Amino acid sequence: MKLKLQEPIIIVNFKTYLESTGNRALKLAKQAEKASNKTGVQIVISPQFVDIGIIAKEVEIPLLSQHIDAINPGSHTGHVLAASIKESGAIGTLINHSERQLKLSEIDTIIDITKKHNLISCACVNNPSVSSAVSALDPDIVSIEPPELIGTGIAVSKAQPEIITNTVELVKKINKRPVILCGAGISKPEDVAAAIKLGTNGILVASAIVKAKNPYDLLLKFAETTKIP
Amino acid sequence: MKLKLQEPIIIVNFKTYLESTGNRALKLAKQAEKASNKTGVQIVISPQFVDIGIIAKEVEIPLLSQHIDAINPGSHTGHVLAASIKESGAIGTLINHSERQLKLSEIDTIIDITKKHNLISCACVNNPSVSSAVSALDPDIVSIEPPELIGTGIAVSKAQPEIITNTVELVKKINKRPVILCGAGISKPEDVAAAIKLGTNGILVASAIVKAKNPYDLLLKFAETTKIP
Amino acid sequence: MKLKLQEPIIIVNFKTYLESTGNRALKLAKQAEKASNKTGVQIVISPQFVDIGIIAKEVEIPLLSQHIDAINPGSHTGHVLAASIKESGAIGTLINHSERQLKLSEIDTIIDITKKHNLISCACVNNPSVSSAVSALDPDIVSIEPPELIGTGIAVSKAQPEIITNTVELVKKINKRPVILCGAGISKPEDVAAAIKLGTNGILVASAIVKAKNPYDLLLKFAETTKIP
Amino acid sequence: MKLKLQEPIIIVNFKTYLESTGNRALKLAKQAEKASNKTGVQIVISPQFVDIGIIAKEVEIPLLSQHIDAINPGSHTGHVLAASIKESGAIGTLINHSERQLKLSEIDTIIDITKKHNLISCACVNNPSVSSAVSALDPDIVSIEPPELIGTGIAVSKAQPEIITNTVELVKKINKRPVILCGAGISKPEDVAAAIKLGTNGILVASAIVKAKNPYDLLLKFAETTKIP
């Protein structure tokens, strides 16, 4: 059975930073687990493909792959198979991250594949109109990240709140099921608070945590902030 | 220091077959190791990204990734970082497999990256003229695989020997350093023998081994065949 | 002002057949114009980029480009600019044809660009769920073409009518505005009749017309068939 | 028979600037023709696909397409067919421009296609090692353009002369046939002079000419400069 994620959700995208590769990825994963245990808030990590198997053996918080390909088992050298990330311990995958954008028909196929494998699908979108399109494909999670803010430290939830409110409205109009997250520039607890107030169910965060001096401390603060009513 | 591969070389490409995913990948890796130990022939395996770490811990034969991306560490969600496959235990990577073809400038960048990380680069090509182009970029290995024969059981070394002899000639004219392998349709020991006779230093094989009833037995035969003078 | 297309609509996609290149493209365009004039049915042609300008000078039926890129004017060597196809005489463009699939965010950007340039957008989709996703982006036309039937002579409207009825239903649920066409395998007047009966507003056709012995005659029959109530 | 280009060569890449679209493209083409006639220097223009046919009817200087696809005639909606650009009046094509990069096997296929159609192939490369790789595929022209300088006004021939001399050396070592051009940042006559002195046979230029107040005057100066021994 597919793991049900408890909201609010904080997803930490490890990307391909050196700070979140190999042993350092494992160490970061354990800090995320500790922060999740301490606060009771659902923290999900998304490490690099290569690190999924080792990390999944060592932590109990959920893991998402950063991508899977729109393929069935077969002759697809260099691609990422749903069955492989599942057997390694991932419970789902990011899809269409702005740094790994996909053709529309691939997104459709991948969401179908996740359903067949009982994997959680987190479809990433760059703007509200794309969020409404992707909602028609019925992913479990829609995460809005304006690419121009990624890595800037300028939080979408503070700088462009209307992007989030529009996304929430457009997604709900088409499909009430997806959990809605936001990302891009989230770096302070107040950015998290703003995201929750605007109607999201959590955040997708990367460099702020991965490159933090003390990722555990910052995750604690982020997690506590999500609880504020 | 970069592991020096001893010729002849048999590379087993696990692709994304279910028979070579997760636990079954590990089992296959162990059979390859056993065949290598028994024959003294260099057998190299190329499992899926997700399986590299676990397999590298359990076997002593060399592992290649099936692909890496032309990236440096940073914001590249869903991509494959050289440092990550290296830390997991791979000693190199396939590049530009016909199922994962790359832009010319990416191949150039990736070969540079492998040199910086002391990783072995195995550049795959679809025909002799492309083999000569890629040789100018100085990969460690050039592997010729006419895509129309992949998975057919019709061996390039039997059906189109001139493709191999042309490749050997064109590569040597431009760069004497690369080891030359051939693949596509290799399914019987006699295909291996033909490849060696035509001047290659070994083979790249996938479905014939991965989907064999007894991969160990077939690898034994392939390995023994490579020794025939 | 954007040309308003009158329904039913027959779009003839010239693809990159030799039979619809250069002078032969112009000849075919004139036959389409003649069939349109004779029947009063809206026939739209979609020639290759290079042929748009010459054909637009010689015929009065509407022209669509086969693709435009998600770009603004600038440094984009080898790409197709909305302003260039418009100035040459096209009144719109196909988007995301199954032979020229696009990333979701590109489809979104291109539809925006067509709106800014008063160009007609015809978004092509491969299945009903993708048709619903694309409808959220508000194209003028949605054309459903299951890629596995393209060029087969097996008409989607006869072989898989449920694909069309599902598409019509899903599109309408999300956006009542788009005109709905269907394609793939349309080769006989009865295929056209079936498409209309299933609730579409016309068809997208390619090889059946382009490679017909007498394209004018077949277009006449197709056009007459669309009028049957 | 393929038009033989007389060296030195100035190629003006129209890219997708508004200043070089439609009527303005035609006007610019005529200025290029006038400058070529006045100086006797070979000026070649590379307009957008859509504009090739109209311009080729109006000027007598050679035209290159900005790109063609690695396809044969057939079902390739939205692609660019060699036969179509040839019938429209182009005598060749740019290949693999840094803004339209291609897979290695595509470059190989496209150069083959140009040979079959007696079209001139101008392969663009981003650095010296890629120039040597592409030379093995035997294009008629190799044009080196470091992408980081494109559009900067900082000329490669002044800022990084070693890139050009390395390219000339590496190309010649592999294939003596290709004409060698350089581009990126060329904006003043002295940049042209530097390029010629470094051993190239001419230049590839875009924004400096397209966006010049008086493209004719600047082309005159560029052309005269190429004559300096």
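Going by the order they are written in, the chains are A, B, C and D; count residues from 1 in each one.
Following the convention adopted for this analysis, a residue touches a chain if its C-beta (ideal position, glycine included) is under 8 Å from a C-beta of that chain, and two chains touch if they have at least 3 such contacts.
Please read these numbers as outputs of a predicted model, since none were measured by experiment.
Counting hops only between chains that touch, subunit B reaches subunit D in a minimum of 1.
Following the contact convention of this document, no chain is adjacent to both subunit A and subunit B. Farthest from subunit C in terms of Cα centroid separation is B.
Counting the residue numbers used at the interface between subunit C and subunit D, over half appear in both copies, so the two copies meet with largely the same residues. Subunit A and subunit C have Cα centroids lying 37 Å from one another.
Once the centre of each chain is set as its mean CA position, subunit B and subunit C turn out to be 44 Å apart. The mean-CA centres of subunit C and subunit D are about 34 angstrom from one another, to the nearest whole unit. Counting only residues that touch two or more partner chains, subunit B has 98. All chain pairs in contact, by the document's touch criterion: A-B, A-C, B-D, C-D. The residues of subunit D lying in touch with subunit B in their complex are 96, 98, 101-105, 107-108, 125-127, 129-130, 132-137, 170, 174.
Those residues of subunit A whose C-beta lies close enough to touch subunit B in the complex are 13, 15-18, 21-23, 48-54, 66-67, 71, 73-81, 83-85, 87-88, 94, 97-100, 150-151, 206-207.
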